[in-house]
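In the two complexes that follow, chain A is the common piece, with chain B as its partner first and chain C second.
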Partner chain A sequence: MKKIKCECGHINPEGTVLCEACGKPVEENQHIEGNDKKKLLNMRYDGSARRSLTYNRSIVDKTWAFFSSVKVGIWLIVIALIASALGSIYPQEMYIPAEAPSRDPAIFYEAQYGILGKIYYQLGFHNLYSSWWYMLIIALIGVSLVICSLDRFVPLHRALKMQSPKRHKNFLSRQRLFSETVDGTDEDKQRVVESLKLQKYRVTEKDGNYLAEKGRFSRWGPYVNHIGLIIILFAALLRMTPFMFLDDYVWVREGEQTIIPGTDGEYLIENKKFTIEHYDESDERFRDALMNRDDQVVKNYQSDVIIYKVNEETGGELEKFIEDEIRMNEPLKFDGYTLYQAGYQQNEFTNMSFKLYETEDANEAAIDTFTVDLTNPEEEYELENGMTVSIEQYYPDYYLENGEPRSETNYPRNPAFVFLVHEEGEEKPEVSFAGIGKNIDPTGENKYKLGLADFTMHNVSGLTVRKDYTLPFFIVGAAIFMIGVIQGMYWQHRRIWIQQDNGTILLAAHTNKNWYGVKKDIEKAIVDTKVNMVVDQQELEDEAEAEASEEKN
Partner chain B sequence: MSDLISISSTALYIAFILYLIATFFFGATIRDKNKSGTADDGNKSKAATIGITITIIGFLSQVVYFITRWIASGHAPVSNMFEFVTSFGMAMVLAFIILYYMYRLAVLGLFALPIAMIVIAYASMFPKDIAPLVPSLQSHWLYIHVTTVSLGNAILALSFVTALIYLVRQVDQKRRSKENMWLEFIMFLLVTTVGFVLITSTFNVMKYEAVFEYPQGENVLVSKYHLPAIAGPNDGELLTTGKFEPLFEAPAWMQGADAGRKFNTVIWSVLVGSILYGIIRLALRKRIGNAIQPLLHKASPDLLDEITYRAVAIGFPVFTLGGLIFAAIWAQIAWDRFWGWDPKEVWALITWFFYAAFLHLRLSRGWHGKRSAWLAVGGFAIIMFNIIVVNLVLAGLHSYA
Partner chain C sequence: MSLDKVREKKKGKKRKRLIFRSAILAVLIAAIVFALVTNAKDDKTIYKAGDEAPNFKLEQISKNNELETIELADFKGKGVMLNFWATYCPPCEAEMPYMEELYPEYKEKGVEIIAVSLDATELVVHRFIDKYDLTFPIPHDTTGKVMDLYKVGPIPSTFFIDSEGKIVDKVDGALTLEKLEGYLQEIEPK
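Coming up: the complex of A and B.
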């Protein structure tokens, strides 16, 4: 590998822009950071060599250089930004409202939003965030994060390690903050140094040259936060695997005991009671707000449940494990599982009792009654006098479509039956249709009628079942990210060089952020000395440019 | 109870007036002699000291508003548009106070306070009733999340304020250019927001109400207009007698509850805003930016640029914490998923991407100064989009009703 020897004697690796030891610009490499066209030096990584800027031959080099470029990183972020915005123009498929006339995406988007909606759907934007290309963009950001961090890790480490107090004059005078004090004394210099120490600067010395430094660790902030991001992306990847992440849903009726899905039959849940509470309209606090609404405002959704565990040792006996309440914002956690209050169904029918009576009987005196368990109806019911009633058809959630009876769902929300009534000795049974408020004799010749005598009802709780082993990864990633950004943003790496050159004091300073802060520090440090305040050479450059453009006009 | 509520609204009112007075004191610093514009260079400016003192008293008064309303309602006042936007305005004042003590830049008050006032006035146009919390909002995370987001947004918004000052100072006003047209457009939007506040308050005082009925899917809905209808609901019918018939109907593609009414409000605001803007232009005889520019000669552009960057650097972690991390924790507890791609979440992510891009651009040469300032303006546009459009329009699309 080609090495570059500086006049101070230090040997620099190939691609070095500013000598690692004394900071003198390496003549032939000034184009790399664009220093050749400017007065001020680009202080990125103090001009140490970077792989991506040094090698540029093979495919690997080119790929490396591509992904380590901040420009590419920014483009990826901007593309992700635009793509994300596109997905919010119309609702994503999962947010198609439940009341929409049709929830079929092929119909919904066109019906609601016309031709643009149709295009939106055809481009697959209704599931944008799980599309392959969106995930690819995010994955590319991940790749870019890894490579750019690796590319810069070594140069940054080198740059931070080799903090020599003795710098080339050319290096100092091309810093943004710089001053020369012609008749400065040694005492002045010492004063400044002492004052900087008081301001918590770490001072190092070599041959009477000083470097005061503060907040170096903040330079690692971006790397720390990028590691956090990489962990988060990794967690997102893990979450796509089934064994790290369980997402299920269970409906439980009041009084029912059922296996919790996803627990391999290890746990059962019993729903004791489901409650909805509403805000009291006479509550003085909310009266104005409640008066302006037609509907009631819900205060609480709650399921009172018991969790049972199957005991393998006693041959599958149920043991009461937890008894608790599940509310919104207060999920129930046990053994790595979490149950969330996610839905409900009010007023489903539990049982219906029917009575059989003679059509002629004006009093409708019951010959006998029987009770149908609506979640588990029997095929046939035997009655007192040798008659039987069998269920020919059961519509748990009855409605009429084009004159045909149908069931909208499988839940007993509006049960209706086609019964067959068999009289002892009769060949042919009578057909009877019965439901809520319905009692129909299709032939008009029936001898017996069936009427609804009684019913009981219940509520149903809908609970999400989750087991998510990826959460700790997300939490750790997010925590590391926050530590990294705070480290990088709320502290800055400030460096002040003080050097004496034949009675002239050279003062130069650099920071990666917050130039105002360094200037204040220097102002404080030079009080009561002859040392001149540093001049902000960027401001001078700005003014020169402004004047130049003024003249052009 | 109602005593507390009236104390609360009085405190907010007092805060508003104090911010207004403080603005005049900051305005007076313009005529101070020192060059750099920071109050602690050279002689300390008396006007600035009085200005910041009044600002702090105003802020404390707003804290009284916040606490009394919290006690009265039993939950932190961050749960509806009025409360949320007010808290954003309040956080802007707090962010201004912090940045003032960091940089002692008086001219910042001259811009930050009026913009915070516009935000608070805008918030006051929404219903102020204390509403009960639906179950999904009943969580401590509601106010942990919302207050952090507000503060993060506010600090980021201050980068817009300094960017605006920077642009007014630096953009060449001698001839028409794209740059000063855009700058003037920002001024126009600010004036339009004032127009919205004026026209809404006027008709509120007159207690104007016209009820419309309009079809939505298979339902017939009712919309209450508090401004005379220029644009009525699509296929709507005026039920209240003796009120103005609409001049035209909102186009059918505008979906969601009250789409017509919201469209009507926008039309009124732009109308009144244009008239106001026209009057101002006639009085000044030049662009607003052009008129303000000479006042800013003292402010150092490099310092403004640095504060813009610094505000983003400080605001970005706060926003990340509140807008993404706390939001995710709450979503995990309340809705069983920490991320669900709903429009609010998506726009928080967009905001975050945007400022991440901003920070990375600042790492390279050539993105300081004007470009940086325009980016800060863009970031603020995204924040306001998330607060206003996503809440009122996109969320409305999704709630469908």
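Coming up: the complex of A and C.
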């Protein structure tokens, strides 16, 4: 390892841009920060050596150096952004509509979007966000984050810890804020230092050279912030393990018992009752708010449930575990699982009773009634007077399509039947169609009619089942991230150097942001002294450049 | 300090750095591998071409077929077209006549068509069978467990399984007569 000895006697590691002790620019390394082309020094990482830029020996070092580059990190982020955007051009595979002629992605994309769709599919964008290469890019951003932070934090920490108040003249004069006071006295210097102390600067001294420093901890803001991000990425990783995270959904009918998905059959849920409550329009408190609403406003969605646990010891017997109510925002928690009220289906039919009566009977007096269990309708129902009614067709969720009756779903939401009524002795049965509010005689010659006499209904609760042990990690990560942001945003690392060189007072200052603030501090400090106010050399440079370019034009 | 000592110190430092960097990189690589592998595994739960078709057993309800139960394992040595359907699903209904049309011919050739109904009630299935005179076995998946096992999303969904029990093709959406025949030829036992 080649070390660089500065004229102040300090030995710097290879790759140092500004001497760690006195700040004198290290001649041969000025190109690293581009200082060779500018008057002002780039104070990034205080000119300390970033190891990764200097050693490239083993594979480990080379990998390290690659990820240590902020440029690489930014490119990774840009690639991830572009990829994410591309993934949203056409729907992802899981969002291919169910009614598409073919849901096979190999066919769907081309059929729907033509040649572009085909390319989209062939490049694997139809399943982008869980594709291995997308995940890899995200993971590499994480790697870059860790290594960039480590590779900068360590040397910067070192550089700031070993700062010497005594700096090389060259270092001071090439700071953005700088002034020289030719006939400054010791007294003036002391006064400035005292005033800075009053402004809560921490002052260190060496051989009559002073460094006043404030808010150094703001420099760690970005690193704290990165630690937060790393914890969040780690939490996202944990989320992929079924042990840490589970997200499922279950529909439970009133009165029904069903296994809670994701619990490996360990828990069952029974839905006792599902209720929707609305705000009462006659209540004075709500009347004004509800006046302009046509619809009712829901106050409460609630499922009353019982959780059963399967007892393995007694051979799978069910034991009542918890009986509770689940409301919106008031989930039921047990054994790490959380059940949220997430959906509902109202008024599914459980049973329907029909009565048979003679068409000509104006009173519609029932000859007999029968009840159809909609979860399991029978083929035939025998009536008292020897007549039978058989079900020719059953439409649980009836609708008409091009004049043809069909069922839209499996669920008995709007049940309708085609019944055949057999009279004893008659050869041909009578056909009749009955449903909710429908009682149709297709021939117009039926002797008997079927009418809906009674029905029972039930509701269905939709519950989200979730187990999430990763949330605390996300919260901690986000909190640390926020602390880092605040730390770096609302504080600034201000440094003011005061030195005396043969009766000349050199005053220089650097801050990572808010130059106006540090100028104000200096203004205050030099009141009643002969010390000259610092000059903003950056502004001068900018003006000079502007003039030069104007002249050119 | 002698020159040798300085060199030794340098060497020690370099080694420490190498160990530190290697350790950090190892941890990061382990995390990436873990993430990618878990992600890849998740995909595997959805059965794809090339996977072994998982076994199941269901009651067969079609009166036109003599089988009482259907167990997939019993069909080893035969090609199996495993179709998931329901009466309320129009595209399912559309492909049923094609399946019935090709069934007798391909049954001779050693290909069985199994159409798992996902309907809630048996009655509607019976009426549907009567409407189209379906003769192939129709197991009734009342609890949706086989649908869950095969991770069937929207229907119709069809798996073509070869005589060794391997999934050759998975087709989402309805099949035309020509396409259906092509797939059936593929799983014909040789």
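FYI, the second predicted complex is superposed on the first by the 318 of 553 C-alpha atoms of A that agree within 3 Å, B and C clash if a C-alpha of one lies under 4 Å from a C-alpha of the other, contacts with A are read in each partner's own complex, and residues count from 1 in each chain.
Just so it is clear, a contact is a pair of C-beta atoms (placed from the backbone, for glycine too) under 8 Å apart; a residue touches a chain by one contact, two chains touch by 3 or more.
Since we're looking at a predicted model, the values are computed, not measured.
*Asks:* Under the stated touch criterion, which partner chain does A:115 make contact with: chain B (first), chain C (second), both, or neither?
*Replies:* neither
*Asks:* Once the shared chain is lined up, is A:63 touching chain B (first), chain C (second), both, or neither of them?
*Replies:* second
*Asks:* For A:538, using the defined touch cut-off, is the partner it touches chain B, chain C, both, or neither? Pick first, second, both or neither.
*Replies:* After superposition on chain A, A:538 lies in contact with chain B alone.
*Asks:* Identify the partner contact of A:362: answer first if only chain B is touched, second if only chain C is, both if each is, neither if none is.
*Replies:* neither
*Asks:* Examine A:101 and indicate which partner it touches, taking first as chain B and second as chain C; both and neither are also allowed.
*Replies:* both
*Asks:* With both complexes overlaid on chain A, does A:411 touch chain B (first), chain C (second), both or neither?
*Replies:* second
*Asks:* According to the contact criterion defined above, which of chain B and chain C contacts more residues of chain A?
*Replies:* B
*Asks:* What is the shared patch of chain A, the residues that chain B and chain C both contact?
*Replies:* 99-101
*Asks:* Give the list of chain C residues in touch with chain A in this complex.
*Replies:* 10, 14, 17-18, 21-22, 24-25, 28, 31-32, 34-36, 38-40, 42-43, 86-88, 90-91, 118-124, 126-127, 153-154, 171-174
*Asks:* Quick one: in the complex, what on chain A touches chain B?
*Replies:* These residues of chain A touch chain B: 34, 42, 44, 70-71, 73-74, 77-78, 80-81, 84-85, 87-88, 90-92, 94-95, 97, 99-101, 112-114, 129, 279, 283-286, 288-290, 292, 297-301, 327-329, 331, 338, 340, 342, 464, 466, 471, 474, 478, 481-482, 485-486, 489-490, 513-516, 536, 538-539, 542.
*Asks:* Which chain A residues qualify as touching chain C in the complex?
*Replies:* Touch list, chain A to chain C: 1, 51, 58, 60-61, 63-64, 98-104, 107, 130, 132, 135-136, 139-140, 142-143, 146-147, 150, 234, 237, 240-241, 374-379, 391-397, 406-412.
*Asks:* Would you mind writing out the residues of chain B in touch with chain A in their complex?
*Replies:* Residues 1-2, 72-74, 103, 127, 129-132, 134-136, 138-139, 217-218, 253, 255, 300-303, 306, 309-310, 313-314, 316-317, 320-321, 324-325, 328, 332-336, 338, 340-343, 346-347, 349-350, 353-354, 356-357, 360-361, 363-365, 369, 390, 394, 397-401.
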